[in-house]
Structure formats: structure tokens, C-alpha cells
Amino acid sequence: MFPRNAWYVACTPDEVASTAHGALGRQICGQRMVFYRGPDDVMTALEDFCPHRGAPLSLGRVCDGKLVCGYHGLEMGCDGKTVAMPGQRVRGFPAIRAYPVLERYGFVWVWPGDPAQASPDKLPALQWADNPEWAYGGGLYHIGCDYRLMIDNLMDLTHETYVHASSIGQKEIDESPCTTRATADEVITSRFMNGVTAPPFWQTALRMNGLPTDQPVDRWQVCHFTPPSHVMIEVGVALAGHGGVEAPADKKASAIVVDFITPETDTSIWYFWGMARHFKPQDNSLTVQIREGQGRIFAEDREMLELQQRNLSSHPGRDLLKLNIDAGGVQSRRLIDRWLADERAAPSMHETAPSAT
Amino acid sequence: MFPRNAWYVACTPDEVASTAHGALGRQICGQRMVFYRGPDDVMTALEDFCPHRGAPLSLGRVCDGKLVCGYHGLEMGCDGKTVAMPGQRVRGFPAIRAYPVLERYGFVWVWPGDPAQASPDKLPALQWADNPEWAYGGGLYHIGCDYRLMIDNLMDLTHETYVHASSIGQKEIDESPCTTRATADEVITSRFMNGVTAPPFWQTALRMNGLPTDQPVDRWQVCHFTPPSHVMIEVGVALAGHGGVEAPADKKASAIVVDFITPETDTSIWYFWGMARHFKPQDNSLTVQIREGQGRIFAEDREMLELQQRNLSSHPGRDLLKLNIDAGGVQSRRLIDRWLADERAAPSMHETAPSAT
Amino acid sequence: MFPRNAWYVACTPDEVASTAHGALGRQICGQRMVFYRGPDDVMTALEDFCPHRGAPLSLGRVCDGKLVCGYHGLEMGCDGKTVAMPGQRVRGFPAIRAYPVLERYGFVWVWPGDPAQASPDKLPALQWADNPEWAYGGGLYHIGCDYRLMIDNLMDLTHETYVHASSIGQKEIDESPCTTRATADEVITSRFMNGVTAPPFWQTALRMNGLPTDQPVDRWQVCHFTPPSHVMIEVGVALAGHGGVEAPADKKASAIVVDFITPETDTSIWYFWGMARHFKPQDNSLTVQIREGQGRIFAEDREMLELQQRNLSSHPGRDLLKLNIDAGGVQSRRLIDRWLADERAAPSMHETAPSAT
């Protein structure tokens, strides 16, 4: 169960560009889609299903903005209507679904639900993206779990102490209470740890930023969940006593952990992770170094999430605890449930079959 | 859904000979069978199920024409009746199914349905087999698709332009209309392309046959479907203006693409492919060379067919188009459906359990 | 269908010790369990399910006899009750199941059923274990079959002639009738072969024991099945005419083949196999050599059992034969069925959910 009337990160433009023939197949929210650059290089998303014989269009090739099916040469247009096919009149061919798609912030966003409700206004605002004061690096993992388990994971960072003990974990995370508040559109869980020793990852960040690593720091973690499944986490350390998250730039290293969680099926996700940092944005080698470190850290979650999913699938009715540390995840699920209820209350055209042209 | 009262290619004699102990296990039309040489070296096909404890007989060994179970030594006869077992009286042992089997044309043929209806007369006639004027080479692929998708594939060769662009595809295939006609027993789809450039595969064939490759050719493709799932395709090129398919032997290179498609399950097949050529039949190195080239070409279909199957399995009720180019496949399915209806109308003994001896 | 109110071998202490962090996850009788050394190094078995969010506890680490969940640091006690969790009051946390567990004879034994019925008295008595006159070596295989197929295998050793022809098989096994008798608690199948040639495995054993290998021997196999799924087989050879199994120690080589068969699921097992020998117990290199030989031999059963299982799963209603050689397996299944009927008649608390602490 996932919201459908929402923008999800589908892929990066690089992923499309690096395919052999310009088309990328990917299942999103249970729907197989193909992504490619249509006319004027505009990113396009269609059902990955040729109306002729059901071949996946993602095995085709892009020619002059048309997606040519790799089986019998049907030329598909960016609106899901067949443009041409050798030796055929295509006017009566059934259309396939065309998905609203946007290229923004370095990602390709897709709207799996009712196209009439899709609007660029509903994209999240990302202050760090397309902003020269920030640098971004990230990656993609495929993980076999319900997308909500990953939201839980990110909205309760006490797991860092255990899952990521050698990099970003430290006992003070556990010991510092967190505060959770929810609005109609967002859930925020905050934790502030003052006068602590920076863990290895942050010592490296301090050093990269020209700051001493042998002094106590004030560390913060402010997790923002917004539906359907985005989690942005303000993280950082400042030399102790300079105001923590409000410290001047030359006293801190700060960043935003970026998490776009896109359901593939009910029990698998495309997990787009990354870090936007607010220091030394021009230093590309630093970007690479941080991405590799973050990639190693985030890979540590995978086994845990997949085996947690296996356990929950074996015990579908079993109640889990909802502790104070779980408030972020619990409140996030509440927002999701409200979103899902709204979708059910207002059935949209996306449930109906595409009509013939 | 596949016809059962029909001869299917099960394997080649070489496959049986190359097993460790003389017995080959293979699932055909949903039934697990074991193939081995029984008394007088006669090819034999039985249920792959020992009546003692259900062990697969294909793990056994063949001794003096008897198949000895590899678990506890039961000796099975070629009629599905137990011959002997150490220390046992076997008279009351239940029989297992024995399948009508024939060794002909270099293949082992099996009849999965009612034995009473099996007759050598119902084998297809293959003029190229056991004929010194022809040479044959081929191979076997296992592909995860409904057998009818492979029939569609072979009865609509416009896919060559896209799937096999670098070998046998050329744009003129798409541009030349095909003609399909059906009789009660056969579907024939023909395409003739006159005055075209030979594609790479056929240039090689011309050269092998001592013919020039820099001249326009007349190319033909005549696909013959016969139930349950055989497709023979007359293919070739002749120097232009010499009569095409009717040109004299020294003006053309011609062959028959041989396709025996044996269902394993509803969504997987044993695909026996090959080429019978009508030139230089004694040239074994040429046979090897052609087989390798054809093997590479036919491997290109596999990913397409398996992902097409995945798409169709996800959308079981979705209508596909039936264009003129699909007429060959559509008519072939019509013959198959009629065959299936006939089988349902006349239930045969193969549905009943084997009786005790 | 397997008995639950019984002791099963779950693992060896070495397996627990060789995990990265002291906890071993293993599914037994359909239940995922975690094994670790709790307070005072006492072996402990719990549900592999953290009551907080369902993470597998086997991904955690053992600290001072407590199992600390690897996700958020919940500390689990050996009784299934949460001991502590950073920043939490744990009194109201639901308990997880704690399984009766014993460390005995070099194995870890677990009782998957009603804890109230578990008692050390119900462990089998193994005269060869913890006994300086005997030496033991063995291993563990995971096999995809119903545990009863492995019992059948071991209670009918005529399969040695076919499956293990090059090591312990010989035609006299087939030719010598076996005798089966059953009590309320045990099934015994015996076979005695006098004046035969020792097969290769036993020739080696004779040589190791300082006995000639060129003389006829009396060979015996006495298989003991005890519920739920233990099979101990007295095996050996004595120089012919010295009393066979009763021959003095300097005229024979004798051993017990040890088989503990622990269901993982309905169609998979953890198979603990080994050999306890009653000669040269101090010779560790001999133990290694025998274990390697036995490991090779017992690996030969795997393919047979897994494909037999596949056949039986495809033909669930099909009757199998019950010959005299099958009497051991048939009688063993009868004991199991009685055990299962008893369990159904007296439903135990293990079916109810664990209560909160």
C-alpha cells in the first residue's frame, strides 16, 4: 500500500543516458515503466508494454525522440499513442499509459497515479539542489523491504549506535531524548547532543572543513518526513558552545542526508540516498569521498531491513512496539494512512484502463 | 494449454548418450519423463517416477536394456512394468506410464497423450532429413515463455529487422507485405523481397556457395506452421532475376530454418532450432560455422521472449493487437485451439491413472 | 508435520562460537530461533524476533550474557523478557518465546513445543558420547526434503548398493533379508551378512584397526529409529566366524552411524550426520579421515532425496509401495503418527501466544 498520487524519484538522468539504447525499464509502485528522452530531449515515462504484442519497450531504442519497440518496430510517442509502425495504420491502436514526469534537482520524478492531479507545484522544495553553495553526491540501492520500514529506519536514528557503530553511531544518540512533532504535511524528529565527541565520520568532515577534531562538539539530527516517502535529515556538528545548528559556518560541518524511497513492490524499494553538504561545495574529490563513505554506511542497513521484512512477513498480525523513539515513524505512517484514505475516497482515473486513441 | 496427442521433439539421441549412466530426465508438457535405450537399443520414454518410493528413474542406470533405479535397485521395463527388484516379488507393483516414442530424423519424438492415438504416420515428413543432398546442424535452448510466443515469433519475421539487425535483419522485410494462408493442417506465411542487398548472414552463405556477394538478390521467407508447434521456414537468396526461390541451384543459397518447440510447462519451452541447407552438404566445417552463427542469432530472441512473457503474466486479461503481420501467429493459434477443442471433446485414456499390471 | 514436543539437535556449540557476534539464527520446525550463550555461558534459545520492531535478534551481539538487538539496542534476557533498552522502561514489553534448550553430548538440543513438557530425561541416551572408549566425528548438511524421506533412507540400507556403490554398498545387502521389529518407543531393522567381502570403506576401517583385509567378514547393520527423528545404526565387520557383532574387539571394526534429522520446514532439514567408532578413539587423524569419507558418502544422498521430494510434491496423492525393506521406514512413520496424534489430543501452551511480562 503506497500513495500513487505523488511524485517519486524514478531514476537519475545518468541512468537513462547509460543504457545501451536510451531506454530504462524500472518497476515503480507495482507498475513497470520505461524512461527515455522524447522529443526535444524531454524526459518521458510510459508503460513498459508495447500495445502490439506486449514486449517491454525498454528493450527498444530511442530514435529522434520516438521509442522504437525492439521486437517489431512499433514507434511509440511520448503520450502513449503509437506514432507509426512499418506497413501499418496505427490510428486504432490502443494507447498505453503515459506517466507525468519531471526532471528536476538532478532526478527524474514520476507520478504513478492520476495524471490530472499531477502538478510541478507538488514537487518538494529542495533548497540544497541547484544551489552553488551546496554539493550533492549519492547513490541507489535496491532493498527487499516495505518502504515504510525504511522510513521507520530514518526517523529513528538510535539505530546508528548499533548498525553504524564504527562510523556515525555513538552512545549519546541513545541517551539523548528526541522530540517529535507533526503537522498536516510533515513530521519532524529532532535530537541534540551537546558537548560530545564527534564520531569517525564527523571527525573526517571537521578535518575536511579545516576544523579541529580534538574538541567537544554539539551534534544535531533533525529528521523531516514528507509524504509520500521523502526523508531529509539535517545533520552536523559544531565546535561546542558556538550555537550548535545555529553556529556560524566556520565553526561547523553541516549537511542534509537525502533519502528518496520509491516503492517497487509491496516488499521492495528503490532507495535513493545521498548527502547534500554546505561546505566546500566545489571540492569534487570530497564529494566522491563522502559518497563512498555514506555508501558503505547505508549498505549496513540492507541485511537488517530485509531480514526484518522476512520476520514481519512470517508474522503478519503481530503487534510491534511504538516507543517514544518510534514516534517519528509512527507519525509518518499516520500521514501516509491519511493520504491513502484520501486516495480511496476520491477514486481517480488512473485506475481505469487507458482508452483507445 | 498445449496439445497432448501429438509428437514432440523430446531430445536428441546424443543427449541420451552423453548422460553419465544412460538415462536423461526431461519435463515435457508438464510431465517428467526419462529417456533411455531399452532392449535392442530401442529408445524408450517412461514416467520419471519409480513406483517403489517415487525416486526419479533418471538418476538410475541402464543395464542390459533395463532401467535400474538408482535408489533401491528396482528394474523397470520399457513398458512401465517392473521387471525385478532384489528380494521382491514385483507382480503386483503398479505400472508407470510408458510414452510412445520414436527415433527419427535425428531426433527423439515423444507422444505425451493417449498412446492409442500415437502412430508413426502422424510424424511430420521432413524432406531434408536423412537426405544426402541436405546437411543439418542445430542446437537446443531452454526459454522461459509460453510455446505460442515462440510460434508468434517465427511466424512474423519482421522481428528480424529489430532483434537480429546485424545478421539477418534488413528494412525490406518490414516494407514487403506478407501473405498468409491457412489450411486445416498448416499455416503458411510468405514474404518475397526482390532486388535487395543480402544481409550479412546471407552474404556469407553466398560466398560459401561460390556466388558473388556484390549483386542484388531476390530473398524469400516462407514459414510453415504445423501443429502442435513445428515451424519450418524456407529461406534463401538467389541472384536477382533468376527466379528467386525457383532459381537453379547454382544461382542461389537456400535452406530451411527448423524449429521444434516443445512445451516444458505453461511458461517454458525446450526450443530445438537448426538449419537444413541445400548446398555443400558434405562440408562439415560449414555446418559448424552456420550452427554457431545461427546460435548467436537465435539467442537474441531469448531476453525478448522471457520479458514479453513476464509482461503478459502481469496483465493476463489484456488484449494484444492482431495485425496483418501477426496473421501467421493468429492462424497458428487457431489451429492449436481447434486441436485442443478436439482433445477435450474426446477424452482419452491418458487422463486416467495407469492400472496395475 | 513434525512432532514439536521433542528434543531436536539444533546446532553444535562450535557453530554458535564461530558466529561474528555470538548469536546463531536457525529455523527449526518452522520457527526461527536464535541460539547464544546467556548468563554463566548457558546455551539459550529464543524466538529470533525482537519485540520492538521485529528485527532478527540473531543480527545482534551478545554482551555479558544478554543478547543486544543489532537494530536499536534492546537487551533481551534468556527468558524472552526484555531486560533493558536505552531510554526506555521495558516492563510492559511483550515477551518472546524462550525455548527449552540443553547442551549435551556435544550438541545443542532444543524443544520447539510446550516448555512444560520438556525434561532432560527425555533426551536420548547415547552410550558413545562423552565416553573415552569412543570417538565421534560428524558434520551438517542442509537438504531440501521432508524429514521422513531421510528416515526412510536410513531405515532401508539397501540403497547403499546403488547410491553408495563405490564405498559401503555391496550386492549382499540386497540379498540378505532384513528383520524389523517395533516397540512403543523404537523401531529396529537388522541385517546380517556373513562370510562376505568387506566393501572399500570397511576394508579401510579393518586396516586402520590392524586387521587383515583379505579375509571374509561377517557384516552387520542394526538401525534404531527413535522419535522424533533420530536414527542410530550399529555397523561393523568382524573376521568371519568370530561371532559377528558379538566378536571380541580385536577381531572387528565397529561403529555407530549417528543421524539427527531436524526439520527446518515441511520440505527441508538440517541433517546432523556422524560416526561414533569403538576403536582407536584417541587417533584424531583417523577421526578426520573417517569424517571426510563419510561426508563424501552422505553427500551422495542429497540429489536423490531432493529430486524424490520434487517428484512427491508433484504427485501428492500418489501411493508408494511399502515393501519388506520399507518396514523400518513404515514402522517409524507409524510411531511418528502416533506421537503427532498424541500432540493433537493434548493441545499445549506452545500454540498460544507468549503473554506480556
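As written, the chain order gives the labels A, B and C, with residue 1 at the start of each chain.
We adopt the following convention: a residue touches a chain if its C-beta (ideal position, glycine included) is under 8 Å from a C-beta of that chain, and two chains touch if they have at least 3 such contacts.
From a predicted model like this one, the values you see are computed outputs, not experimental measurements.
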Rotation, 0 to 180 degrees and nearest 5, that superposes chain A on copy chain B via CA atoms: 120
Interface residue overlap between copies chain A and chain C, same or different (over half shared): different
Intercentroid distance (Cα basis), chain C paired with chain A, Å: 47
Sequence positions of chain C contacting 2 or more other chains: none
Residues of chain C defined as touching chain A within the complex: 32, 48-49, 51-56, 59-60, 68-73, 85-88, 93-94
Chain B residues touching chain A - in the complex, by the definition given at the top: 152, 156, 158-159, 161-163, 171, 174-175, 177, 303-304, 307-308, 310-312, 314-315, 318-321, 323-326
